[in-house]
Each structure stands twice: as C-alpha cells, then as structure tokens.
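Next, two complexes with chain A in common: one pairs it with chain B, the other with chain C.
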Partner chain A sequence: MMDIFDIYLLEAVVNGILLGGVLALLALGLNLIFGVIDVTWICYAELVMIGMYGMYYLVQYFGLSYFVAAPLTILLVAGLGALLHLLVIAPLLSAPPINQLLATGGVLFVLQSFATVAFGIDFRNLGIRLPVLQFAEMHFSYSRLLAFGVALIGMVLVYLFMKRTFVGTAIRAISQDRQIMALMGVDTRRIYLITSALGGALAGLASCLLVLQYDIHPFVGLSFGPITFLICVLGGLGNFVGGFVAAFVFAEIISLGGLFSDLEWGYVLAFAFFIVMMFIRPAGLLARRS
Partner chain B sequence: MSLRQSVPQSVPWIAGAALIALPFVHREPYHLHILILILIWSFAYTSWSMMGRFGLVSLGHGGFMGVGAYVTALLWNHLGVSPWLGIPIAMAAAAILAVIVAYPCFRFRITGHYFVLVTLALSGIVLQVITATRDYTGGSLGYTPDRTKGSHLLALQFDDKVTWYLIALGIWALGLVIWRWVDGSMDRYALEAISEDEDAAAAAGVNVTKEKLKITVISALMTSLAGALYCQYQMFISPDTVSGISVSLQMVFAVIVGGLYVALGPTVGAVITILLAEVLRIGFGTRAVGWDNLVYGVLLVVFIIFLPKGILGSILARLKTLRSSWGMR
Partner chain C sequence: MLELRSVDAGYGSFQALFGVSLDVKAGEAVGVIGPNGAGKTTLMRVISGLIRPRAGAISMEGTDVLKTPAHRIVSFGIAHVPENRRLFPRLSVEDNLKMGAFMPEARARYAERLAFVFDLFPRMKERRHQLAGTMSGGEQQMCAIGRALMSDPKLLLLDEPSAGLAPVVVQQVFELVKRIRAGGLTVLIVEQSVQQVLRVVDRAYLLEAGTIRASGKSSEMLANDTIRQAYLGV
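What follows is the complex of A and B.
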C-alpha cells in the first residue's frame, strides 16, 4: 500500500515540475512587461486564450500541421501584444499606473466576450492526443513533457536575447532606469513595442503548449491567469529568477494538493500558502530582508 | 462657494420622497425589477468606491460579494438560519477574509500593482472554492435558496416587488449615508494623505495600516451585504454572477464610467451599465450573450483613456469651472 502511495506521490511531484515549466514561461512574460514598461497586463491569460483559438482554427480549419501553426500563432499573439501596447498602454503611459492596469482589465472583458461572440462557449480541443509515457510504473503525458521542454528552451532563448543582443541589452537597461535611457539615445517607444511583442510571443508560445493539455473555451484563461499573478507577486514583480522559482513552488503545491483532493483545492492551498508567504517574505521569495 | 452648498438643502429630501413614492404610482413589475437591480448594484459599486477613491484599487470585491451571497444562502438551506442572522454572519465572514488578506498587504506595504494582483487572486480563489465545494454550493450550476414554508419576513423572501424596491432603496440610501459619513470624518483626510504619499502620511502621524484596514473592512462589509441582498432578491446565485474576476471588473467599470470621486458616481455607473445590458439583451435577444461585456470592455478602456473622472465627475467638474468663471465677473 505504501509503495503505491509513494509512486503516486512521485508522479505528482514530477507532474508538478512539468506544470511549473509553462507557468514559469507565463510568469516570465508578465515580469518582462512589468520590469520594462511598469504595467501589469491583467489580460495576459486571455492573450493565451486567443492564441489557443488561433491554434485550433489553424489546425482544424486550415488543416495546417501543428508545427506550422505554432509559429503563426506565436506571431499572431506577438502582434496582439504590440497592438495592445499601441492602442491601450501607450496613450496611458503618463496616467496613474492603476489606470493602465484597469484598462487592461477592460481588454480582458473585450477578449473574453469577443471569444464568446465569435467562437461560442462550446469546449473545443485540437483533437491531438499525445501518447502517455510509462516509466517505472508512473504515467506522464508527452504533452506535458513537451510543454516543459519547449518552455525551458523558450526561456533560454529569451535569456540569450536579453544578454547577447543590443536590443536585449537596451531592454535590461530600461528596466533598471526608465528615465536615463532616453537621455542615452535609446528610443524608449521602440523598446516598449519590442518588449510588448516579446511578451505577446511568450504568451503565444504558452498557448501552443497549453492547447495540448486544456480544452479551449472563452474562460480558459481564468484557470491559469490568477495563479500566474500570484507567482509574479510571490517571486517579486519584475524579478525574473524569483518568478521562475515561484512558478515551480506553486506548481508543486497545486499538483500535490490535487493528489489528495480536487484540483481546485490545489489552487486554494496555493493561495493559502501565498498569504502565509506574504507575512514571511512580503517583497518576494528572493528579496533580501531590509 | 462649493458645489454642495450651492444645491438647495431641500433637493435630496424631495428626490428621496419622489423615489419612495414611485412604486405606489408606477407598479410595472419589469421597470421595478430593473430599478431594484440598479439600486442593489449601486450599493455594491458604492462599497467598491469607498476604497477605490483612496487609491486602494481592489479586484477582490467579487470575492466579498460571493461570500455574502453564498454564506447567507448556505446557512439558510443547510442549517435553517434565518437571513436576518445569516447576513450578519456572512458580513462578518467577509470582513474576516478582508482582514486576512488585507492586513499583510498593508502591514508590509504591498501597494499599487501588487495589491491589485493579490486581490485579483482573492476573487479568483473564492470562485474556485465555490466551484470546488460543489456538493454543497452546486458548483458552477448555481444555487437557489429554499423557498420558505413559513414566515416570509423571517426568511427575507418577498414575492412582491414594491417591498423589495423599498428595501433596496433603503440600503442604497444607507450606502450614501456611509459615504457622507466617511467624507466628513478625519479618516478621509488621513486616507487622502495616504493615497498621495504613504511615507509622508506616516511621518505626519497617520497610522497607515489601521486607516487602510478600517476602510477595507467597511467596504467588505458593505459589499457582502450587497451580495446577500442580491441573493435574497434573485433567489438564484451562480459563481459567475456574484463572485470572480469578472464581477470585480464589472464594479470597477461601472464606477469608472459613473465617476469615482463623487457620491452619486457609482449610482450613475449602475444606471448606465444595467440599462446598457438590458437594451442589448432586448435588442439582440439570446445573440446578446457576450455582447454586453464586449461593449463594457471597450467603453472601460475608452473611458480610462479619455474621461478618467467618469461621466458624473466630469459634468460636476465642468459645472464647477463654469460657476467659478461666472463668479469672477
């Protein structure tokens, strides 16, 4: 009896790590935008939702293969990110930060109801069922393994982009000091736009991966949106490494919580943990106590 | 001369009397239904702006509203506790929830974006709990308080719309009274100072954590009362209509459209949003599903960009400048 229990436990731990990969990807996108532009996209998970519909239509209606549809979806969501910045954030850059945040809340409404109106509220799925890997009596779905692997590759690519290219360096510099970089001759508007597109692209990548695991419906964003915000706050907004660590901590809690009860209770447990952590480390997991 | 003094003292009383007299003159049930909804939601929106006007933007109010509605209904159905007792219990539960989440936020100075995200997660989590406990709450299918077999008064269930109209009117007026009371208190100055600059306020001797916590608890109490009333009136609640992120955003939207910094702003917001939803519903029928929120969302973005003071706020500000320019002559 104990042996079986341990196997389940181990399986849940591994699945938690696999879930953490995608959550870390989402957290990275949000942190990037917050770190550079100082805005929080409340509608970030809804961008992922639109990306998932993009994948669905490209694969099901246009008969494209998954691997052709994925880059197109990433481009689509990157474009949406840039559009969101141009239409909503740019006019509000000098407004109080709360207004920018609430405006993206309005965009959340728009995207959700747009999906409801355009695609209906039926649950859809891609119709791709990846096999399940059996290893030492444990079961792992390939879709999760793939998601984890690709999410890690995506994050490494972003890291290289930030470290090795001029634009990446400019982005990092702006996130350190917003005013001075304009004086140094960096076109902040361009950098903001690139960052928004990059944040969108990360959401697009996440949607390509999540579409293999979740059914698509207009409110699917709600099943990972709130948890992504918790991760970013726990890791410290704008703190990339903190967000990465927090994503895995949360994924483990959800996965292990779900082992003992429903998945929803995993989320509740994660939230309780979050509140306790706020008392212990209010400035984020990796922040030094002042 | 300030605007408030310029309005004759008698105007609120005449308007109040007219509102009380209205259901006895005009008994059309559909119109009364819309008015009741407007009044209940106005109260909820007013409760949100109690915090919002001081820069404490919460997206967790959907959570408080859900607690108010569900705790009241669950106590009635499972334990037979009358809403007269159940509503205070539900309000206390919401207040406790507010303290648990808000205290660490305020104590450790989690403000701005952080605060919004934490409260956003709160309303998401309340939604998850309601869905997860589907054996008791009916999950996402919704929940109906049992029809009373005994006294209607004890069960706070009335079939007749006039009674509900008067109850909703009373609660709405209570919301405005609380607004006035906060407006005239010292706490208002403290909170305004805090919203301008927390460090400076603390240096000037304001107990920042205590002041913020006070207004948060007041706001949570009011919001949960609104949720409980909505449940008693509609006799049907579902996680999506009384809790979750979309309800929180709906509150923000209505208040921003109406005007955040004026007492009647949330009411104007409720009138506009509910009439808009009804017009769309009648105009498009079942095809309207989603359209109302689509229009809301676009309007919210447009308002924040072009008219951040809201409709009523902008009109009042305009009147003020007009008046002062008249006074100059």
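What follows is the complex of A and C.
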C-alpha cells in the first residue's frame, strides 16, 4: 500500500516539474514585458489562445505538419505582440498604470469575443495524440515531456539572446535607466517593439506546446492566464529568476494538491498559498526591487 | 567643431538657458564653470539631444544637430558622460561598455574599442564581470568615461566628472582627462571644481543663471577678479 502511494507521489512530483516548465515560459514572457516596458499584459494568455487557434487552422485546414505550423504560429503571435504594443501600449506609455491595465484588460475581452465570433465555442483539438511513457509503473504523457523540454530550450535561447547580443543587453539596460538610452545610440521605441515581439513569440511557443495538452476554445486562456499572473507576482514582477522559481513552486502545489483529491483542489491550494504569501512576502519570493 | 548659437532651453515653464553661444574647436579642451543651478547640465543635455532647445542653433562639424533624433546624435561623434555617471548598476562592467558601442558603426569595431578602453583602464579589465553598481565612485567614473569612449567619439562631453568623489580620486580623474586629450580627443567639460578644471582646459566659459558671463583662456580666467573672488575664494 505504501509502495503504491510513493509511486503516485513521485509521479505527481515529476508531473509538477513538467507543468512548471511551461508555466515558467509563460511567466518569463510576461515578466519580460513588465520588466522592460513597465506594463502588465493582462491579455497575455489570450495571445496564447489565438496561437492555439493558429495551430489548429494551420494543421487541420491547411494540412501543414505540426513542425511547419509551429514556427509560423510563433511568428504570428510575435507579430500580434508587436501590434498590441503599437496600437495599445505605445499611445499609453506615459498614462497612469491603471489606464494601461484597463486597456490590456479590454484587449483580453476583445480577443475572447473575437474568438467566440470567428471560431465558435466548440472545443477543438489538433487530432494529434502523443503516446504515454510508462516508466517504473509511472505514467508520463509525451506531450508534457515535449512541452517541458522545448520550454527549457526556449528559455535558454532567451537567456543567451539577453546575455550575448547588443539588443539583448539593451533590453536589460533599459529597465535600469530609460532616460540615458539615447546617449548610447539606442532608440527606446525600437527596443520596446522588439521586446513586445519577443514576449509574443514566447506566448506563441507556449501555444504550440499547450495545444498538445488542452482542447482549444475561446476561454482556454483562463486555464493558465490567472496562474501565470500570480506566478509573476509571487516571484516579484519583472524578476526573471523569481518568476522561474515561483512557476515550479506553483506547479508542484497544483500537482501534489491534486494528488490527494481532484485536480481542481490543486488550484484551490495554489491560490490560497498565493494569498497567504501576499501577507508574508508582498514584494515576492525573491524580493529585490523596492 | 561644435557651435551653439543663441540657444534657449528649459523644462516646462522653467527656462534654464538664455541665448547661450559657445564654440569648441577640434583638438581643444573647453571648460564651462559656474555655480550650482547655472544651467551647466542643461547645456550638456541640449548638445547631446536629451532635451531640445526652444530657440537657437547647434551644429557639429557644420551639420545641424537639431534635425537628428537624439539616439542618432552619438553617430556624429558626440559622446556624453552624464552627471552622476548614470551607469547601469545591475549590468556588468563589460555590458556597460557594450552599451556604449551599441550604434552600428561602433558595434562593428567592438573588440577593438574594448581593447582600447581596457588598455586605458586596466582596472576595468580586472573588474569586467563585476556589477557596475558595486564599484567605488572613482571606478564608476572610469567605467562611465570608458563607456563613452566605446563609440570612438570626436567630442567628449564630461558633466561634473569630480562630483561625489574623494579629492585624491578627483585628481586622478583630471589626470585621466589630460591623457584622453593627449590622444587627440576634443573635450567639453562642465565643472564646479573651478581651480582644477582650469588647469586642464585651454579655454573656459563662465555660465551664471543661464547666460555666458565671461569667457577666455584658462590663464585669463584664473586671473579674472570676479572669478577669483566668487569661485576660487582668493
């Protein structure tokens, strides 16, 4: 009896880690936008939703293979991120934060409504079912393993881009001193646009991975939008390392919490944990900015 | 090289500069001295494009600078070391220097420029991986000057390089300015340490309440009674 329980526990721990990878990817995207542009994209998960529909139509209607559709979807959502910046954020850059928040909140509803009208409320899927890996009496779906591996690769690529390139260095610099960027020969508007496209590309990558695990419908963003936002707040908004750690903390709570009862209980525990943490460490797990 | 003609500038309803005209010729070191709040920093910011004048003209080697967006002015060969250094505190020394070489012309010669700056400041080479904000004030000033030199400028604008530094370090900074000059760079330097700056520059302007009150060779300025009484305490 005890052996069986241990196996389940171990399986839940591993599944938590796998879930954490994708959540960390989403948190990185959101943190990137917040850290650099100082704006929260409340509608971030809705970009993922649009990306999932992109995958669906490219694969099911245009008959493209998954591996051709994925880069196209990443480009599509990157473009959407850039567009969101140009049309909504750029005109509001000097507006009070609450106006920016309301505007991106508005975009959330626009995208949801648009998806409802354009694609209907049917649940759809890619029709791709990856097998389940059996290992020492434990079961792990390949779609989760793939999502974890690719999410990690994605994050490493972003890290290298930020560390090695001139534009990546400018992205890190701009949040530390906006006013003098012009003295470096940096056009801040261009860096904001590139950052927005990069944030969009990360949402696009996440949509390619999540589309293998979730059915697609106009409100699918709700499954991971709020949790991504909480992860970023728990990690300290704009703190990349904090977001990464918090993603795995949340994923483990969801996965282990779900083990003892329904999966939904995992979410209840995660949100309760978040509220408690807001009392204990309101500035985030790894608080640095004052 | 650099020409300002009747420049008016300010922030909002506050006017900081009134009809300022100033010249810097190639190879010269020129100082702008004056009390706190005289508009010295505004003058620097107007030249590098951080703020736009309300009236007047600014040209660099005969080209009108005011038609160019601020982030392109560095490509005219104007590098500005801002007041209080303004390094990126949570970037490494090397990343700070990298930012100084951001514009395409400098990016292509990054390795060469980095070697030049490391040669000039061996200390920066030792500390290349250290976060800039954790260094001493003097080291930060070196890093800030190094960052400006990364773009291979023709004209270096130095805004209060001695601010907040210990007297010994101030001495080192001015020695450094002499060395940079010897390399053929033109320098415009704004300072409150009047006596020290006048020993480094060829000519100087006295800026008070946003207007040029006096100008002349360093030796003349040092001999000027008003300056002696107000700034040198003699």
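In the analysis below, the second predicted complex is superposed on the first by the 286 of 290 C-alpha atoms of A that agree within 3 Å, B and C clash if a C-alpha of one lies under 4 Å from a C-alpha of the other, contacts with A are read in each partner's own complex, and residues count from 1 in each chain.
Criterion: a residue touches a chain if its C-beta (ideal position, glycine included) is under 8 Å from a C-beta of that chain, and two chains touch if they have at least 3 such contacts.
All values reported here derive from a predicted model rather than from experimental measurement.
Engineer: After lining up the shared chain so the two structures overlap, which partner does A:Met184 touch, if you call chain B first and chain C second: first, second, both or neither?
Structural biologist: second
Engineer: Which holds for A:Leu19: it touches chain B only (first), chain C only (second), both, or neither?
Structural biologist: neither
Engineer: Quick check for you: in the superposed arrangement, does A:Ala173 touch first (chain B), second (chain C), both or neither?
Structural biologist: second
Engineer: Of the two partner chains, chain B (first) and chain C (second), which one does A:Val158 touch, if any: first, second, both, or neither?
Structural biologist: After superposition on chain A, A:Val158 lies in contact with neither partner.
Engineer: Of chain B and chain C, which one contacts the greater number of residues in chain A?
Structural biologist: Answer, by number of touched residues of chain A: B.
Engineer: A:Pro226 in the overlay: touching chain B, chain C, both, or neither? Say first, second, both or neither.
Structural biologist: Touch partner of A:Pro226: chain B, not chain C.
Engineer: What is the shared patch of chain A, the residues that chain B and chain C both contact?
Structural biologist: none
Engineer: Looking at the complex, which residues from chain A come into contact with chain C?
Structural biologist: 166, 169-170, 172-173, 176-177, 179-188
Engineer: Of all residues in chain A, which touch chain B in the complex?
Structural biologist: Counting only chain A, the residues touching chain B are 34, 40, 42, 88, 91-92, 95, 97-99, 101-103, 105-114, 116-117, 121, 218, 222, 225-227, 229-230, 232-233, 237, 262, 264-265, 267-268, 271, 274-275, 278-279, 282-283.
Engineer: Chain A touches which residues of chain B in the complex?
Structural biologist: 55, 57, 59, 100-101, 104-105, 107-110, 112-114, 116-118, 120-122, 124-125, 127-129, 131-132, 244-246, 249, 252-253, 256, 289-294, 296-301, 304-305, 308
Engineer: Contact residues on chain C for chain A in the complex?
Structural biologist: Against chain A, the touching part of chain C is residues 48-50, 69-75, 79-80, 82, 86, 88-91, 95, 98-103, 106-107, 147, 151.
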